[in-house]
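Listed below are the structures to be examined.
You will see two complexes here that share chain A, one where it goes with chain B and one where it goes with chain C.
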Partner chain A sequence: MKKAFVAALLIVTAIPLLIGVVALPPHGDPDTPVHTHISARYLEEGREEAGADNIVTGVLLNYRGLDTAGEVTVIFTALMAGLAVLISHKKQPEGDATYDAAEAAAEDAPVRAPVSPVVSFVVRLLAPFIALFAVYVIVNGHVTPGGGFQGGAILGALFIALTIVLGRERTRTLMPRLAQPWMQGAALLTFVGVGIVGGALTGHFLGYPAQASLHLARELMMLVLEAGIGLGGAAVFATLFLQMEAE
Partner chain B sequence: MAAWPHWLPLVVFAPLLGAVLTPIVSLRSRHVAPWWALAVMSVTSVAALFLVLRVASEGPFSYLPGGWQPPYGIELRFDEFSAVISVICLIGWLAVLYSLRYIEWLREVPKERIPYYYALLLLNLGGMIGFVVTGDLFNLFVFLEILSLSAYALVAFSGEHIAEMAAFKYLLMGAISSLLVLFSVGIIFGITGSLNMADVATRIGQLDSAAPAALALAMLAIGFMVKAALFPVHIWLPDAHAIAPSPISAVLSGLVVKVGIIGLIRVYQIYYTSGVLDLHTLNQVLVWLGAISIVMGAFFAIFQDDIKLMLAYSTISNVGYIVMGLGLSTNFSVIGGSVHVFNHALIKATLFLAAGALIYRTGYRTLTDLRGIGRSMPLTCIAISIGAISIVGIPPTAGFLCKWYIALGAFEADQPFFGFALIFGALFIFIYYIRMVNAFYFQAPVHPEILEVTEAPLSMLAPTLFLASLCLIMGILGRIPLAFIEPAAARLLAPLGG
Partner chain C sequence: MLEALWNNVDYIASVVLFCIGLYIIIAKNNLIKKFLGLNIMETAVFSFIIALGVIDGGDAPIMGAGAQAPFSSPVPQALVLTGIVVAVSTTALALSLIIRIYRQCGTIEADELREME
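After this line comes the complex of A and B, so read on.
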């Protein structure tokens, strides 16, 4: 009975969805509004006026920078939500304002499943190369696919892999307690910082100077943004992982 | 000062940046967090004040981040509906002040969580402000996500099992509605190639088939209805709003559900202007759902003994009023509905903060347990009574004029039945608030110790009383917001030829 009801409900909702989607402009047709309206200008002028060879980066950081600032805030919100729900009462001395998940867990000496020496060796061997690749993806997002979000994800994954192999006592030195919240908020902090610099240069928040003499400044602003996004993303991954492991 | 152009990005980014900085300033001591949040909200409120003054003097205006002309860049657009940020800032500020003592008192909450509470509250307020001032569809979605995510976490914040369940239910419903909104934004981009609301409005009618536009409209309407908790997609609301910490209940019930309404208004702006579809059917559906919400919300509220659960159900019926006002789409009803967005926020925040004060002092939350409290906490109970008569809509309080206007709209639209539904709903609401007042003042206490308690501390009492007095002031000066919102309502309805 319940299954029949669910099936009927699915069919009833699917029909209008299909009718609507079928009438959408065909995929890949160069004459559809998706290609002829604003995207056309992005593709034609984007390289010059947005200042990035990779048009996607130009749209993300320049034309629609506000959206990206919002997106990094969504990621930060997810972190805050995770911490607000995950931190529990366990063995925290009353009134200790400087609680640190890593320290508390280190005292607790968690029992870890042993990691195969082969895996451990390979991860440690590859770590510097993975880190280098992450930096490459972040810096080169300007020209080729990639950028802060992707590079940050690689860095975060590296941190998690290292924590599993080496134990959190070793990797927590990468995220000192006092620097932690700065790293977690790095993405939005750089966005606001760069946005204000851009505002001072162009009169518009999140603006980039377009004059040829200031092209270097524009490149630099974008690079700083990518680095901030990367660092912030990696820190969010790492913190959530540490917190979940501690619980 | 009001002419300084950068107030608009400032009002959005001040709370968001403030949220990111909250864990940093709380590194040394978590007691800094509430004061920091209060300072951030003060700055935001100043910016909001200038923006509202500016829109009152010169009408809607835009800000172009990055300097790109719309539709190529994102446009922040401030119109009379965006003036709801004034209430967001006010209630946000008061909720932070109120939380100062209230959150410390929650025994289930590990103290280390507290800075994250303030960060989430600031994110939530910043997300709402961004949502109501943006003129871009995708940007709207981004801010919707910020405010939704933070709202789920705030509901779960108290750490009780039931709170986590309520938050999870809210998360499921909310995620579905966000998906619907995102999918619709995708469809609209697919058929217009644009995301700027004003640009979309001129281009959406140029397609051969209206089916995708209609699908997007339907999904946007359903998505925002879930956020606004309209019947029958209200099921997440009662638990979530009742179980959240009281200052959060005030923010959720007073403000966050209104985001759905503002979203609906933005969608209407696009579709009315484009004229691509006849919205008569949708309007009729909204009016009916609004009427059912009014009656059902009020009906369920009567049977609640838990004071916060009762207030939560009352939110459903008030959202019903607003949506009915929009659906009737006459000048009177739209003005009444939009002003009720402001007034209901004030009223419901008063009630939730006052209820929180009662719970804080006594530890009880049902009407039976709270009998006789009017003798020991007279000021709080006066605030509740003012809130109660406002929400029923008795003149000269804030609730009266809006409901009067919506009823006038129903008669103007030749649908007097809905005018009667509205009055009928008000009667129901009257019954359950009479029950509450009766319990507080006239019934013998079940727990004798309730007569011994004192008023809540000043940081909780002052916001409550201030909001209660605003309920009265907004009633007496009720013509000012009505006149303020009138041009926006006229602009919304202008394409209808009314």
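After this line comes the complex of A and C, so read on.
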């Protein structure tokens, strides 16, 4: 009964989708609306106007900068919500006298699964190169494929690998307690900061100066944004992982 | 009809992927598997949007020395980058909620959770 219902539902979903897809213009056709409207202008003017060789970065940080600021807010909100869900459990249960600080500390003590020496060696060997690659991807986001989000993901993955191999006590020093909130909010803060600088220069929030002579200023603003996004993204991944691993 | 299907085989792959994800969400009982299904559906949508922006023989939309027209459309790629990040955020939140559910109820099977009420 249930299987028949699922099959029917899938068919009912798939048929209209297939009909719609077949009615689309052929794949790869240069005359479709996707290519003839706004993209054409971005490709033609984007390099001078947005100040980035990589048009995707130009669209992301310049033309649709506010969009990206909203997206960064989504990541930050997800982090806050995730932490709220995970941490609230740790409160001391009321009336439970046996639950004291020492026990809580013992509960927090890391339970580490044994790591194979091969994995440990490879991660230690590759860590500096991965970090270098992440910085390269972040800093070159406006010239080559890449950018803050991608580099941030690489940095976050590196942090997770190091935490698994070295243990949380050692990787935690990478995120000092005092700097932690600033790192988690780095992406949002840089967007606000660069937005205000852009506002002072042009009169619009996140505006980029349009004069051709200010090409360097546009590039610098993008670089700061990319760095903020990269650092913030990595910190968000790392925090969520540490919090989930603390179970 | 068949020719139209073959021309748009990239889009059809997305539809198939979408249906696989939908099937997992409906049919599987484990909450983590359900969210994997949701991620597959998201991937289907992303690949569909990216495929829309592809141009025959097109290059990556990166200017500079040696850049050769035609270029793929940069707008879908930027949109999907946004989408991927939002998908990661929702997945992280969902996994946190699942951890919490497991702690409170001791199970993450949907039918067992329903019986508990």
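The rule we apply is simple: the second predicted complex is superposed on the first by the 226 of 247 C-alpha atoms of A that agree within 3 Å, B and C clash if a C-alpha of one lies under 4 Å from a C-alpha of the other, contacts with A are read in each partner's own complex, and residues count from 1 in each chain.
As a convention for this text, contacts are C-beta pairs under 8 Å (C-beta built on N, C-alpha and C of every residue); 3 or more make two chains touch, one makes a residue touch a chain.
Keep in mind it's a predicted model, so treat the numbers as computed, not measured.
*Asks:* After lining up the shared chain so the two structures overlap, which partner does A:198 touch, if you call chain B first and chain C second: first, second, both or neither?
*Replies:* A:198 sits against chain B, while chain C stays out of touch.
*Asks:* Looking at A:188 after the superposition, I want to know if it touches chain B, chain C, both of them or none. Which is it: first, second, both, neither?
*Replies:* first
*Asks:* Should A:56 be classified as contacting the first partner (chain B), the second (chain C), both, or neither?
*Replies:* After superposing on A, A:56 lies in contact with chain C but is clear of chain B.
*Asks:* So in the superposed three-chain picture, is A:39 touching just chain B, just chain C, both, or none of them (first/second/both/neither)?
*Replies:* A:39 sits against chain B and chain C alike.
*Asks:* A:124 in the overlay: touching chain B, chain C, both, or neither? Say first, second, both or neither.
*Replies:* Touch partners of A:124: none, neither chain B nor chain C.
*Asks:* Which partner does A:170 reach: the first (chain B), the second (chain C), both, or neither?
*Replies:* neither
*Asks:* When the two structures are overlaid on chain A, which partner does A:6 contact: first (chain B), second (chain C), both, or neither?
*Replies:* A:6 contacts chain C only, not chain B.
*Asks:* Per the contact definition in the header, classify A:215: touching chain B only (first), chain C only (second), both, or neither.
*Replies:* neither
*Asks:* Should A:149 be classified as contacting the first partner (chain B), the second (chain C), both, or neither?
*Replies:* A:149 contacts chain C only, not chain B.
*Asks:* Between chain B and chain C, which residues of chain A are contacted by each of them?
*Replies:* On chain A, the residues that contact chain B in one structure and chain C in the other are 17, 21-24, 32, 34-35, 38-39, 42, 64, 67, 71, 74, 77-78, 81, 83, 85, 89.
*Asks:* Which residues of chain C touch chain A in the complex?
*Replies:* Per the stated touch rule, the residues are 1, 4-5, 7-12, 14-15, 18-19, 22-23, 26-27, 51-56, 58, 60-64, 69-71, 73-78, 81-82, 84-86, 88-90, 92-93, 95-97, 99-100, 103.
*Asks:* How about chain A: which of its residues touch chain C in the complex?
*Replies:* 6, 9-10, 13-14, 17-18, 21-24, 26-30, 32, 34-35, 38-39, 42-43, 46-47, 53-56, 58-60, 64, 67-68, 71, 74-75, 77-79, 81-83, 85-86, 89, 143-145, 147, 149, 233, 240, 243-244, 247
*Asks:* Enumerate the contact residues on chain B facing chain A in the complex.
*Replies:* Chain B residues touching chain A: 6, 9, 13, 16-17, 19-21, 23-24, 26-31, 63-68, 71-74, 76, 110-113, 116-117, 119-120, 123, 126-127, 130, 136, 138-139, 142-143, 145-146, 149-150, 152-154, 156-157, 159, 164, 187, 189-195, 203, 207, 209, 211-212, 214-216, 218.
*Asks:* Where on chain A does chain B make contact in their complex?
*Replies:* Checking each residue of chain A against chain B gives 16-17, 19-25, 32-39, 41-42, 62-67, 69-71, 73-74, 76-78, 80-81, 83-85, 87-89, 92, 94-99, 177-178, 181-182, 184-185, 188-189, 192, 195, 198-199, 202-208.
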